[in-house]
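Both of the next two complexes hold subunit A, though its partner changes from subunit B to subunit C.
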Partner chain A sequence: MDRNPVVTRKVTVNLKDGLHLHPISQIVQVARQYACEIRICKDDRSADARSPLDMLTLGVEFGSVLRLEASGDQAADAVAALESLFQNNFLPAQS
Partner chain B sequence: MKLTDFVIPEAIITDLHVTSKEEAIRSLVRSLGTCGSIQLSDQEGIVAAILKREELGSTGIGKGVAVPHTKHPSVDRLVATVALCKDGVDFASLDGEDVFILFLLVSPPDRPGDHLRALESISRHLRNDRFCNFLKQAVTVKSVVDLLEEADNNQLV
Partner chain C sequence: MEIRRGIAVAPGVAIGPAFVLGAENFRIPQRFVKVDAVESELTRFRTAVAAVCEEIEVNEKLAGDRLGKQYAAIFSAHRQMIQDPKLSNEIEELIRNKCYSPEYASSRVLRQYARAIQNLGDNYLAERAVDLFDLEKRVLKQLLGERREELSNLTQPVVVLANNLTPSETASIDTDFVLGFATEAGGRTSHTAILAGALEIPAVVAVGGFLSGVSGGETVIIDGTLGTVIIDPDEQTLKDYLETAARFHTVEVQRESLTQVRAETRDGVHIRLAGNIEFPEEVDHCTHRGAEGIGLYRTEFLYIGRDIPPSEEDHYQAYVRVVNAFRDRPVVIRTLDLGADKVPDSMQGVFEDATNPALGLRSLRISLQNLALFKTQLRAILRAAVLGDVCVMFPLVTSLLELRQARMILGDVMDDLDEHGVPFRRDLRVGMMVEVPSAALMAEEFAPEVDFFSIGTNDLIQYTLAVDRANPAVANLYSSADPSILRLIRMVVQAGAKHIIPVNVCGQMSSDPVYTSLLVGLGLRQLSVTPQAIPEIKQVIRSLSILQAEDIARHAAGFDVAREVEAYLRGELKKLCPDIVV
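And then the complex of A and B:
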């Protein structure tokens, strides 16, 4: 049995300016809380969720559909935390 | 989008000597003002906007690179400059490392796509170690411009 299954989730980018550096920094902060490997995928390209430089190269615009992929310890938690960022449109959850 | 589409050669600084993030940002904005890419009267407003953006989180994106930026209504097209800081400057970067290469961007508020594409272009080239290393070693404006052109033409792969 695979002890490190890949957890994936699709999210839509609803930021009108696209995935610019501020939301990317928020992704990095969340990703760095987990030990598992996390990648953000757009079409056939993917980026390390801990690397802002990597993610900027995806050039993610408003309306893009991304795939979150994680494998390793707490992969499901990591994907859920990142999905929550997108669902809250990168605003604090309580606002 | 090509680097040479938006980097203003006359505003490039190859020997930035600063001791703080704010001083670095002021120097780059002043350089854009001196060459006429932004109005001198708008400089202070642009510096303030960039510093406010930095409060949201550092634009020091790692690998010794920072991309301070803002949208500002005083420009009708994306303008940017490059500065090389050989001694490094503390930018409160995400990876905790000092910054040696700065790309400062000012873009019109109604063109978010251009801003995103410029950042995409900058980061794509900065992932290339050859580009990064050559840029850090550049000592003249011409050598920086040549390097940007070579990167645009994919001659550094």
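And then the complex of A and C:
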């Protein structure tokens, strides 16, 4: 179990319209690159980061604080990649 | 016998067996499947999902190429949703454990998610439920099969009844087998209606819900002149209509005899009558009726009903066909006018995102934001112009800035062609549609910067009267005869006269014989009309003198409401040409 510790990170949602289709789509794209289990948690509920519908029904609004949670292979990398999405406010890296 | 009234959009009478096209709202035929069919039903579900993915991918590419990355992103989000492992698990579980049919299971699960999202309370996110309903529709369409394809596989003549026909469906109609059609939805100036006119088959739209009472195979009469649909006619009605159909044919033949004579008023003033077309195939409709060129060549059909945007060569080949038919007569090619009511099926989702599409990204605005798309078309137009008298026309020009931008891009394209030694015509005439009230009001300022005006009455009326022409709840407020419209047309004609540039009218108003004398009286010497209206309009022109027309226009300007103007003009037409039915 120690080899697969749970990595968590808190992020704040700065998107005007909340976590809507485009950012969710970006999360899915990132999550699919990792084999580990990744969950997005809001309050007492959580969603699979590979399931756009699951995340959509979380109803994440502007200002929400989310907990990113991953366990398994490359869990730390996965969380870091997702965190940077939030930090860049889901803007494309180029242009 | 059941008689339904709608809006007449293409004249004539069609009599034949009913052929009902499925409504947009899919009915789920069965909720449960047999236990031993579960495996095959699961396969059917997975095949449908794969097909939906493929369909979305195509749209994604289309939207990306035509409108930019941000639009493609909508589709990639849709694709991810339909591939959501949780979604397919839930649906497959219902099929496997509860023996739900894939249709019922998919609809149920997707609707559950839609409801959950709607209940979030957050406005923006709640609206995303629409995306789920869209997915539901796509999946059901795949599961239930592309029933609409039947339209292209007809083997015997029928009368088509549908909730609505998309422009591409209408375009694919085989006129050997489709005698006429009637739709529950639509409006007089919807694209489908324009197409029906182009195909020259009787059509009635905006009939309202009537399909539930028709199962197919019943005898149906479509009266595209009066705007009625008669289901299961009694013997007498059928007999009357068979006679009407024969008489209609005779009048048509008589009018054809006008082909060779000029569109000239009694006092010898020539009114140039050109044709409006959509497809290159329609040039024949124009030439055999004696059209003096093409006053409006709509180019949207190069974009609609295909998976990838047309190449320069696609444009060029289409233009060449039209130009070759009219070597010495002008052919006015209008640049892309997509948006609002003319959205390619594959891109519906993109445009629906705008809350007010008529005021959104459409027409010239799309071109100016998608220079690659615009330049491709301009290059083809400039090249085709070598072969004849081609003019280019920009739609929906709203401000001088837009016009100047468009002209500048045209100039860039010319320089580019020049640099590459590609033959083109530098002196082609450049005109603009006057279809936004701002352009009509500023006509004096626009006139020195263009070679011609063409008044697009459909949009001019919609924007001036703030009436969506396709919305049945307000369609009765839409009138070509409104005094404000008459005044705007007069302003444009006067600006044209002052700066000595020709003014044309190419909206549906010019194809309606009721308005011919008024338009001539207002000073128009060019009309561009749907090809099948040419003989009729010519007949009105030939029974008219300029003095008479000016008198009619002056009198019409004296009324203050549309209804009075219209009644007056109808009365005058009856006096001029008693045999024209309007």
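Rule of thumb we're sticking to: the second predicted complex is superposed on the first by the 92 of 95 C-alpha atoms of A that agree within 3 Å, B and C clash if a C-alpha of one lies under 4 Å from a C-alpha of the other, contacts with A are read in each partner's own complex, and residues count from 1 in each chain.
As a working rule, a contact is a pair of C-beta atoms (placed from the backbone, for glycine too) under 8 Å apart; a residue touches a chain by one contact, two chains touch by 3 or more.
Everything quoted here is computed from the prediction, not taken from an experiment.
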So in the superposed three-chain picture, is A:N88 touching just subunit B, just subunit C, both, or none of them (first/second/both/neither)?
neither
If you stack the two complexes on chain A, which partner ends up touching A:G59: first (subunit B), second (subunit C), both, or neither?
both
Check the residue A:D48 against both partner chains and state whether it touches subunit B (first), subunit C (second), both, or neither.
second
Check subunit A for residues that touch subunit B in one structure and subunit C in the other, and list them.
17-22, 25, 28, 51-54, 56-57, 59, 61
Residue positions on subunit A within touch of subunit B in the complex are 16-22, 25-26, 28, 51-54, 56-61
Write out the stretch or stretches of subunit A touching subunit C in their complex.
17-22, 24-25, 28-29, 48, 50-54, 56-57, 59, 61
Write out the stretch or stretches of subunit C touching subunit A in their complex.
73-74, 76-77, 80-81, 84-87, 113, 116-117, 120-122, 124-125, 128, 131-132
Note which residues of subunit B are touching subunit A in the complex, please.
53, 56-59, 61-63, 65, 67, 69, 94, 112-113, 115-117, 119-120, 122-124, 126-127
